[in-house]
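One chain, chain A, links the two complexes that follow: it is found with chain B in the first and with chain C in the second.
Here is the complex of A and B:
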């Protein structure tokens, strides 16, 4: 085997430019596959982390009528906060939020919004709710960057907010934009305006009520509560998993094309080697090699392309991949249009499993592609091969 | 003694005032509300970049049922709207689809006007919803009016309070201001061109203005109106939207 490896290495290096062309193409596949898979892993991590930090915490209780995709449901989705969860909220381990529909009128334009009442003292989510803690009689509000862009509102601006209370009576007041936050989670930004929970409960005539309760502790087994549905973090991040699964399927096509190009080159090289090196094959057999050993020698030789490619990839790919992990990849289109938690700049994450898995997958594919043309050797007549007769 | 007389006088006077205000409101309702009505109208939206007019034919029965078919312009022709109690459907001929409006969609304006679908959903009689007090007298468009301040007597009034200027002879409102519970002025309505139809006075022209929005409001003109007509029951069904 050692001799086979030595021979294979010598033959490969001896082939010169042809070998290096194959190795370069294959190494490009290595780096691209690892980078793309890294971007996907990074996206998955970033989306779930952002959703946890900005929206869902460690899971949520939803009022049983609440359905974020059904506007019919929002006005009827509120109930008194269960006592035990209220106690947790006081300890900062749960965050009740009341949602009602309303409209804002920036520059005389009407924009439908969801008004979210949130405790200004909360620290469970990254929302800068401390800015809602004012005592000067002004109703403070915070909005996201995208919402600010759409409504053309800036910090310190006043805007009229109109809503209907629990009985359906219109009410309106001017609110001041106390802060504009930047989050990668559209669900907390687009069409959302945050005011203090107690203020919204007063406005809507819904004292002590909430629509959803965000929990801090992900690990705890949360019990069923009448009138409320528990949504685990996994359920709430399911859309990210589905999105990544869809994107990964699309990416597999790219991997396939890249590998196909590299494998075609290796396949061609193998076919040509066997055609041009018939005398050499005959010599090996004459020297005592079995036909299977010669097949193995050529397969090892072909597979060694993958080893060389892995080494070359490490040489130029590692600095590139490390640099990408640092600066990230900024998407050329506006990520806010995706409608789901995705940052404009994605930071790839490479795991040991990802790198090792990719190397193994490419090496095995290369070995198979190298073996296929080599099978012809087993059918060769060694005497004719020694003579260099075409077979 | 003087104080007692003054208190009695105030109580009697305010009682009379309230009673008069209620009576005025009843007469307004008698003019403005009907068992049913059929009318054709043109709605002109006075926007910042010009105006556009939409004509329609409507059928209404009480306060719960109404059906509107848009007649022009060509882009809106064939669009139909059906209101049954608290539900509202719109049929669009371009997509051949009927959709039910809800939630945020009800807050959107009707064809870009100052009226929202929500506004169209609520048209109860004033006497059913408000307690009235006469707050003064004013002249509007050369006509003497009582200024009535209305405050909701029911908890589910759309607007908590209103100011209404009522023509003292014809008992039709000539101006209306609708307020939020906080006292913020939300909408203003100016009514004019009062005509007599089947024995009742009715304003043929109404200008609605959403005070929170920019623009000059929406002008609504009744070109044809008749009260207490026989309206076939099938008009107020979802099937009629696609006909």
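Here is the complex of A and C:
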């Protein structure tokens, strides 16, 4: 094996430009695959972090009727906040939120919204709820940038908010947009309007009630509560995992195409080598190699492209990947329009497993692609090969 | 009983399939080659000399008959055993040199020693010795494309001789060389034959080579036509 490596190295370096062209193409695949996979890992991490910070905290209790995908059930999804959770909320370790369906009327248009009542003093989520803490008789509201864009509302604007209380009676009031926040989590932005919890409880005639309670502590084993369903952080971020998985499948096609290009180049080189180097093959046999050993030599030679490509990738790819991890990859279009949790700038995350896995995967693929055409050598007649006779 | 013959050939036939029939390249060849011979297989193209050389070199197998090379029956060797025979005991010299183009002169000559897994210091000494025999110590770092035809063939001789094999098989070694280079090469091989007692078997129809041979075996249509032992001293140019 040592000899095969030595000879393969000499042959590859001796082949000059042809080798380096293949190596460059293969190294491009290496770097691109690691970068794209790093972006996916970074996206996954950022999405979950953003969801934790903006929406789900360390897990949530949902009222057992609450279904975020069924707007008709929302108005019936509320119950008194359990005592122990209420005590935690007072300590800032839980955040009750009341959700009811409503409408706003910006510029005379009607827009359905989910009205979220939230404690202005909370610090559990990143929502800038301190802006809701007013005492001048005005009902303050905060909305996300996408919501502001859709409704064409700006900070300081007043808009009419309509809702139905617990008895089914319509009521309405004007609210002032106290702040517009920017979040990478569409679920906290699109179609959502936040007002103080106590105000919403009063409006809806649901004092002391909530639809969901966000918890701070992720580690604690939360007990079951009658009328409430506990949703762990993992359950709540499952969607992100599914989405990343779907995206990864799509990206695998890109990896496949990249690898295919690199492998085609190597396959082509191998086929050409075997075609052009028949005399050399015959010479190896005459000097004491078996044909199987020559197959091995050519396979090692082809596989060594991957090793050289890995080294080249390390030379130019590492600075690039580190730079990308630092400055991130900014989306060419407004990421909030994607309708999923994605930051405007994604910061790739490269794990040891990702780098080692990619190197192993590409090397094995290269070895297989190198071996396939080399099998022809085993069928060659060495005396014809020595004469360079085409076989 | 010890046999001093390097090669023993008995009733050798070699047939190749051609279409639905077959072509007989060698027919009823029986020859013995003693150790240290400087012998040529002489004949026109198609007379079977290269085929015979390939069988002796274990690159091909007899269809019928027996060929013993250094006591091993070529027809009975498996691929690994045949490769071992070539690696340890045989040297080849080809008409078109068959040097490894991307390797230096040193690396080309070193190649057979790498296969024998000798230490780096042993290899270094043997390569330098071999290059000294052929007068190419100043071309160690050159690559074959940078050398003349004569120099390439001298590298090929050094490569064949570096492991001091018992038997060297040379197929038309001077076919691509001019007269001066041919004589230089042949004198080198003759010296090595004399000093190292290596058996040389040539396949040739070149008069320059023929004039150096101590034994001439004429082949015609795959059969031995004539087998002459030459009084070498009287013919030497």
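Quick note on the criterion: the second predicted complex is superposed on the first by the 389 of 391 C-alpha atoms of A that agree within 3 Å, B and C clash if a C-alpha of one lies under 4 Å from a C-alpha of the other, contacts with A are read in each partner's own complex, and residues count from 1 in each chain.
Simple rule for what comes next: contacts are C-beta pairs under 8 Å (C-beta built on N, C-alpha and C of every residue); 3 or more make two chains touch, one makes a residue touch a chain.
What you are looking at is a predicted structure, and each value in this text was computed from that prediction instead of being measured.
**Student:** Is the arrangement of chain B and chain C around the shared chain A a clash or a fit after superposition?
**Tutor:** fit
**Student:** Angle at chain A between chain B and chain C: what is it in degrees to the nearest 10, using CA centres?
**Tutor:** For this superposed arrangement the angle is about 150 degrees.
**Student:** Considering only touches as defined above, state whether A:282 meets chain B (first), chain C (second), both or neither.
**Tutor:** The second partner, chain C, only.
**Student:** Considering only the touch criterion stated at the top, classify A:303 as touching first (chain B), second (chain C), both, or neither.
**Tutor:** In the superposition, A:303 contacts neither chain B nor chain C.
**Student:** Looking at the overlay, does A:108 come into contact with chain B only (first), chain C only (second), both, or neither?
**Tutor:** After superposing on A, A:108 lies in contact with chain B but is clear of chain C.
**Student:** Is A:292 in contact with chain B, with chain C, with both, or with neither (first, second, both, neither)?
**Tutor:** The answer is second: A:292 touches chain C but not chain B.
**Student:** Which of the two partners, first being chain B and second being chain C, lies in contact with A:358: first, second, both, or neither?
**Tutor:** neither
**Student:** In the superposed arrangement, does A:160 touch chain B (first), chain C (second), both or neither?
**Tutor:** first
**Student:** Just to confirm the geometry: in the superposition, how small does the C-alpha gap between chain B and chain C get, in angstrom?
**Tutor:** 73
**Student:** I'd like to check the shared interface: which positions of chain A are touched by both chain B and chain C across the two complexes?
**Tutor:** Chain A residues touching both partners: none found.
**Student:** Going by the contact rule at the top, pick out the chain A residues touching chain B in the complex.
**Tutor:** Checking each residue of chain A against chain B gives 71-72, 74-75, 101, 103, 105, 107-110, 112, 160, 162, 165, 167-173.
**Student:** Would you mind writing out the residues of chain B in touch with chain A in their complex?
**Tutor:** By the definition above, chain B touches chain A via 102-105, 107-109, 152, 155-160, 178, 180-182, 184, 186, 210, 212-215.
**Student:** Spell out the part of chain C that touches chain A in their complex, as residue ranges.
**Tutor:** Touching chain A: residues 50-51, 54, 57, 59-60, 79-80, 82-84, 86-88, 92, 94, 96, 98-103, 107, 111-112, 114-115, 117, 143, 159 of chain C.
**Student:** Can you check the complex and tell me which residues of chain A touch chain C?
**Tutor:** 3, 6-7, 10-11, 13-15, 279-280, 282-283, 285-293, 382-383, 386, 388
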